[in-house]
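Naming follows writing order (A, B, C and D), and every chain is counted from residue 1.
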Amino acid sequence: MNLITQAGSEVTDTPADAASAEVSPVDASSTYIDLPLDERVSLLNAYQHIRAETEKLTDPLSAEDMQLQSMPDASPTKWHLAHTSWFFETFILQRYQPGYRLFDAEFHHLFNSYYNSLGQPFSRPQRGLLSRPDIDQVYDYRRHVDRAIEQLLTEGDCPAEIAALITLGGNHEQQHQELLLTDIQHAFSCNPLLPAYSDTQNDGEPLSETTALNWLRVPEDTYTVGGDGTAFQYGTDFQYDNEGPPHQQYLRECRVASRLITNREFLEFIQEGGYQEPRLWLSDGWAWVRSNNIHAPLYWQQREGEWYQFTLSGLHPLELDAPVSHVNFYEADAFASWAGMRLPTEFEWEVAAWLHRQPDTLADANMLEKRLYQATAECSGKPQFLGNLWEWTGSAYLPYPGFRASADAVGEYNGKFMCNQMVLRGGSCVTPASHIRISYRNFFYPHQAWQFTGIRLAGDPD
Amino acid sequence: MNLITQAGSEVTDTPADAASAEVSPVDASSTYIDLPLDERVSLLNAYQHIRAETEKLTDPLSAEDMQLQSMPDASPTKWHLAHTSWFFETFILQRYQPGYRLFDAEFHHLFNSYYNSLGQPFSRPQRGLLSRPDIDQVYDYRRHVDRAIEQLLTEGDCPAEIAALITLGGNHEQQHQELLLTDIQHAFSCNPLLPAYSDTQNDGEPLSETTALNWLRVPEDTYTVGGDGTAFQYGTDFQYDNEGPPHQQYLRECRVASRLITNREFLEFIQEGGYQEPRLWLSDGWAWVRSNNIHAPLYWQQREGEWYQFTLSGLHPLELDAPVSHVNFYEADAFASWAGMRLPTEFEWEVAAWLHRQPDTLADANMLEKRLYQATAECSGKPQFLGNLWEWTGSAYLPYPGFRASADAVGEYNGKFMCNQMVLRGGSCVTPASHIRISYRNFFYPHQAWQFTGIRLAGDPD
Amino acid sequence: MNLITQAGSEVTDTPADAASAEVSPVDASSTYIDLPLDERVSLLNAYQHIRAETEKLTDPLSAEDMQLQSMPDASPTKWHLAHTSWFFETFILQRYQPGYRLFDAEFHHLFNSYYNSLGQPFSRPQRGLLSRPDIDQVYDYRRHVDRAIEQLLTEGDCPAEIAALITLGGNHEQQHQELLLTDIQHAFSCNPLLPAYSDTQNDGEPLSETTALNWLRVPEDTYTVGGDGTAFQYGTDFQYDNEGPPHQQYLRECRVASRLITNREFLEFIQEGGYQEPRLWLSDGWAWVRSNNIHAPLYWQQREGEWYQFTLSGLHPLELDAPVSHVNFYEADAFASWAGMRLPTEFEWEVAAWLHRQPDTLADANMLEKRLYQATAECSGKPQFLGNLWEWTGSAYLPYPGFRASADAVGEYNGKFMCNQMVLRGGSCVTPASHIRISYRNFFYPHQAWQFTGIRLAGDPD
Amino acid sequence: MNLITQAGSEVTDTPADAASAEVSPVDASSTYIDLPLDERVSLLNAYQHIRAETEKLTDPLSAEDMQLQSMPDASPTKWHLAHTSWFFETFILQRYQPGYRLFDAEFHHLFNSYYNSLGQPFSRPQRGLLSRPDIDQVYDYRRHVDRAIEQLLTEGDCPAEIAALITLGGNHEQQHQELLLTDIQHAFSCNPLLPAYSDTQNDGEPLSETTALNWLRVPEDTYTVGGDGTAFQYGTDFQYDNEGPPHQQYLRECRVASRLITNREFLEFIQEGGYQEPRLWLSDGWAWVRSNNIHAPLYWQQREGEWYQFTLSGLHPLELDAPVSHVNFYEADAFASWAGMRLPTEFEWEVAAWLHRQPDTLADANMLEKRLYQATAECSGKPQFLGNLWEWTGSAYLPYPGFRASADAVGEYNGKFMCNQMVLRGGSCVTPASHIRISYRNFFYPHQAWQFTGIRLAGDPD
């Protein structure tokens, strides 16, 4: 089973421009522009594809599985299914669909994630207590929203401005596809039975890094970084507001590793006492190690002297050539210190990824139909920055120069998290392929490790 | 719907004597005594009846509902279903059924509640994370155990000593029937949709107290208290080890209220500032009020000036004549202080209940077929101590003189909780009728309120 | 140095009767009775003696030491000095001393311990933050109160009812003398320098138990227990409200140990794995062991294989014959289980102490001038229940039948703590001798161990 | 009283170059270079001056005051006095003073702040429990270290490399001078008596901002930022490792406020509901507001409708023209959002401060003898970036390109905190003047407000 199959090429045709994606209440005085028919078709195809992908991910799960919430950071599968529908209902249907009937008025509160401007959201750590609505009602909710979106795109007037919002909603749902998988993996890891999400070993796991680690040179220069649809874009025009504006960044010469750190290399760190040596750790990282008594990455287990890793396909002996995954920022930083290196900044990473991109994979417009790493696997030995693991950078998640969040509720999407978190780049093996691009800025708190996160080293010139 | 229908009269015929119920590993040297056939039949009937009652309680629940755990004190329905089966498997089948095959070896760990002598139990606050085994597997587990018990009681040799253990297992399961209901009520109360367990209002609710509050006199004397099958026994011979040994207790003259405190009376306490007046509260109780910002009983809600109560049948306007329920010990004690009275000790309660028992209800051997309170309702105006709410007493839960817990694992049943908890007496409207008796000692921590708990006042002579 | 020298015999002459010690606002309509002169003299002597004793205890302490608060349960020495003065100021001087001028109006709030009826007390865990008033001001406060009490007792009218209150204040201050010592010991134990309060080894430590452990028989009977000035009184008429009323208690025959458990015996419990065996522990006790990773009593330390104990005179090798001290109720109960015995109830303890009291020590009216255990030490080999360690009983701290707390603020003294705590009996080596009596009911939470607490076993007849 | 008088001009003559301040174990094989006599004299003068300044700060404090620790983030005055001495003892005397005798071997553990490579430091939240050593012993410790440093600098050989370490130790002590004041202010704020550290109102308070807020333009350019002794240096050559290396930074055009935000302006934010409007806050900031129920800055109090502020000189009516102080990053960011602006990045701040520096104040070599703000006050109306309040920037505290911490224990000084904290710039009214420079990077967690922190706005061009 392939956990996430690919979004149709329609997505790449979507002309939505998030740089102008400011969502405002409908303003009657503004000049009305109708969405052209071909764009409607394209949007609807992309919408239906993504919605179907989400539901395909629930195939291996029972109603009880979909109820699980194993920690406040994670959400139940059922909640992901409902919340992604709530997003379309709240930001599109309630505004643009005349006479739209809410599926259930109480869902407005229950499935709001964190949009405080829309009212106090339901307590996040208690999402696992919502046995009602049951899973069938949530699927009905999805159908209800799907039909309304279809109607909106196929019948009568359809203002052009909703294209950007529907595209945003699709990307939002793709983010939740990945979270759905990482959250269920965490929930299953808490069950002593260690159930497998997938029957196929290596399904949902990063590709092994079998090549020698080389250093890619990034020459000193002033670069334009950040996404704007021209520079560093990657096959689709959509981007989040936090990826821009594009701006100039002076970089000193540096070198960036050609591949991720492997389990074998991380095991060496452990065996040399990495988790016992305070000098390798940031102060907050060392406090985390001590107060949680950490000795290995999140999903590693030692049984009778042998190391195992819990994965989406269950517990397996640790694959030494696989990239070390589910490490947090503190572990990534400590490993880099131990190796005498450091993590790349997000701009070093972005420039390196651009300079060393694989032209043959990009050349094929259809590549987005496939898992990116599969494409890359064919050109083995070449540096690969995309689609294996989210890579911790040394950059704090902060606004780019000139960034302004939308004044609309949608403006709560990215900007308000710009504090205390670190940037990750590259996309993982469970990120939908059409959702991956060089300019993409993911972000998590430094202590969090339940995502598919890995380590790429960098350093100053020799 | 009647939440808990009645155990058959077979139960009352069971000759199990818990006073001699010490469970020991099978001792080959002891003289073997086979269980007589009529007792086998009686035991099996009672077993099957109780097992069926438990499952009937799950009728209104979905697989998702049965997964819920809303706080560490509570357990998921599914866990109750499995744990009660684990009890029979562990304490009876593994010992007495030759060649018994465990349904699943891992369940031994997963569904052990707190028997530390059988290995470290699975973390209690994480029971809600066990989506696997799923509910169908848990029902299969129940069937597997049921078949083995039936086989044990109907085929070949059957040592007499298991009668006591099977009776204990049945009583244990009846306790979990009540917990199943109180736990699901708490879980539903956390859902803003406030789902109802039952469609029928007043189902699973205590009977109203419509009579005037009178004072029942308990004369000074030395009484024999505690259950032993002769004194203060109530229609069935089974009792828990903590109900004995019977012993003498000198009581001063006192008076005990003829009925429970009503919502109307408790509302007066609130309106007179009861939750704001520290002098009414025990020191720990006042700390609880302050740190949790308490203003009313657990399931009360005020909406636009009107009081409502969340019940097993959903949210309803507060019934003023109903006994106040789901109060904790601190609230019960503070109310008593406010009223210028106190709570009865468990012995005052026991003697009052015995002296003022309803002979006509007891005379009928079939009374245990019905809800006790229904029987009593017919003799309205008469004092009723049994089957409406668990009544907080002023007695700490401690061993009776001469109490010794079994050295066996079953010895962890009651004795190890004899610290920090208070005794409750009387049984509630969701206690199985055959499980109610005057000598029964229930116990909870003083801050806990999610059980069906109420207030009966007592005082010294005028 | 003798930590607490003895109160003068004047105390024993005090006719204060706490059974009638209800403190009410001055009632002009009641008949005024003046306190006779000889009683005034006697009261003043006792007052001055106790006040001086308190201050003597601070001799070894610096201003910084007196500022320490090492946990919320403990208070700084300076706070004890001020609070005991606050007690006299609040309950006596403000009511009975015409024109009394408060030393500082803000102290009313700062040095109120827990009398909620007198306004919200200052946050207990923050007492260590009160560097102001400084220690000199606190001594000035004491002088101010002392002068006013002297004036009250020597000049003009003096209502007879204040005798009971001044006696209560003296006893209250004696309680704080002991707390002052246990609190400073705990604070010093947190300092890696392990400073000694006293230079003299064994100062402030319990006497060793060098005799064999015998069993004292308590015959079955109905006893009158509780203090009332006639039965079980012990050389002084004062008692707290919680020691009465006297009441009848039926006791089965039992046996009570002739001495306390020694460090040698407790070490055996440890070496046989007592802290690792859940079956020995109450459920809450086992949770305490596990979550705090407990391996030995509070003040024990193991250094290079040898056991040491931190005492008021510093760190010393564990004295094997000394009674084990600073154990909590859970440890006491687990040790008793391991020994196949149990703890005595408070009534078994009281009757045993009375039946086996040492007549020769009681015969001497001057015995109260000395440390009780010194008196007893002379009659070595005889059972000794008083003045070595507070002895955990198996009784929860609850009101005696007929107990009613005063409606006055003084009524918050004892009654509101009657929940969640266990009774200790006997008095310790740092309890002022005149404060020790058989009927005395001390109480602490089962997890607390920083008092001078020990273990006496009991059991049913052989 | 002037809280912190100025370091002598000797400090400015100190040739210590922290850029080469890497501290290594003494390497016998390296070529020995003796420290020239004039540099020895200069170093000693500076050392003695700083040490005396520290002790002058303790003049208003009692031994009890110096014991206070009001939260884990803060330390007792006594601990500051000892720890700064420990720094000289550990990093200089133990290495370079032949035959140096430790004052007390246990102090190595007690007064280590966070240098894990030197052994596990004493638990930070328990520093307030160290009543021993007492304050006199700590002063003796200081004398002991002072004499040894004097000896080292005046007798026999003195390797040149210690100049950098002594300068570092002096700067380290200056940091603790400021912390000493902020920590005692916090401790005093917890005492309901609200004691004043200083008798003189406005002592230790920022200067008022009486001018209109203008916008200073920072033109687009690539700037060299970071300290290196030539660019942006400010009257002294010392700098911390985290201020460099100097590097190029491209800046878009922006504008920076000419002064800090005042209490008047912040009050307007409050009155317009700033603390109730989630859209103004970062996500973590809103969580902080909600879970701590925040309504105003840390030291503001409302009494009978009037606002007061607790300061080092006690409680005073809020000065509306004073800059708002003791706000945390979340509050600064929310205020900026409310004002439609943002905070400057640390580079925008640095360039603006450089471009708009006051030449006349800089021209005078003696300016460092005075409080910087006093110097500036004379040129009122001119923009002032230094010495009033630490100004929150929008920059996370991260390493500059090319930064490498020393491999030595001293390397734990700055680098290991480069995560989760925000940069503050400018120095405050309680920062020693010689410690203030444009390149200085202070850092605190976003929730912390007990430092002298304020708000300067910035924005993109109109």
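Here is the rule we use: a contact is a pair of C-beta atoms (placed from the backbone, for glycine too) under 8 Å apart; a residue touches a chain by one contact, two chains touch by 3 or more.
Which protein is which chain? UniProt says A, B, C, D = Ergothioneine biosynthesis protein EgtB.
Please read all numbers here as calculations on a predicted model, not as lab measurements.
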Touching both chain A and chain B (chains): none
Most distant chain from chain D, judged by the mean position of its C-alpha atoms: B
Rounded Å distance, chain B centre to chain D centre (Cα mean): 62
Whole-Å gap separating chain C and chain D, where each centre is the average of the chain's CA atoms: 49
Chain B and chain C: spacing of chain centres that average the CA atoms, whole Å: 39
Touching two or more other chains - residue numbers and ranges from chain D: none
Touch-based graph of the chains, sorted into line, ring, star, complete or other: ring
Chains touching one another, given as label pairs in label order: A-B, A-D, B-C, C-D
Residue numbers on chain D that touch chain A, as the complex places them: 114, 116-117, 222, 247-252, 278-279, 281-286, 329-330, 333, 342, 394-396, 398-399, 401-402, 411-412, 416-420, 446, 460
Residue numbers on chain C that touch chain D, as the complex places them: 62-68, 70, 78, 106, 109-110, 122, 126, 128-135, 187, 190-193, 195
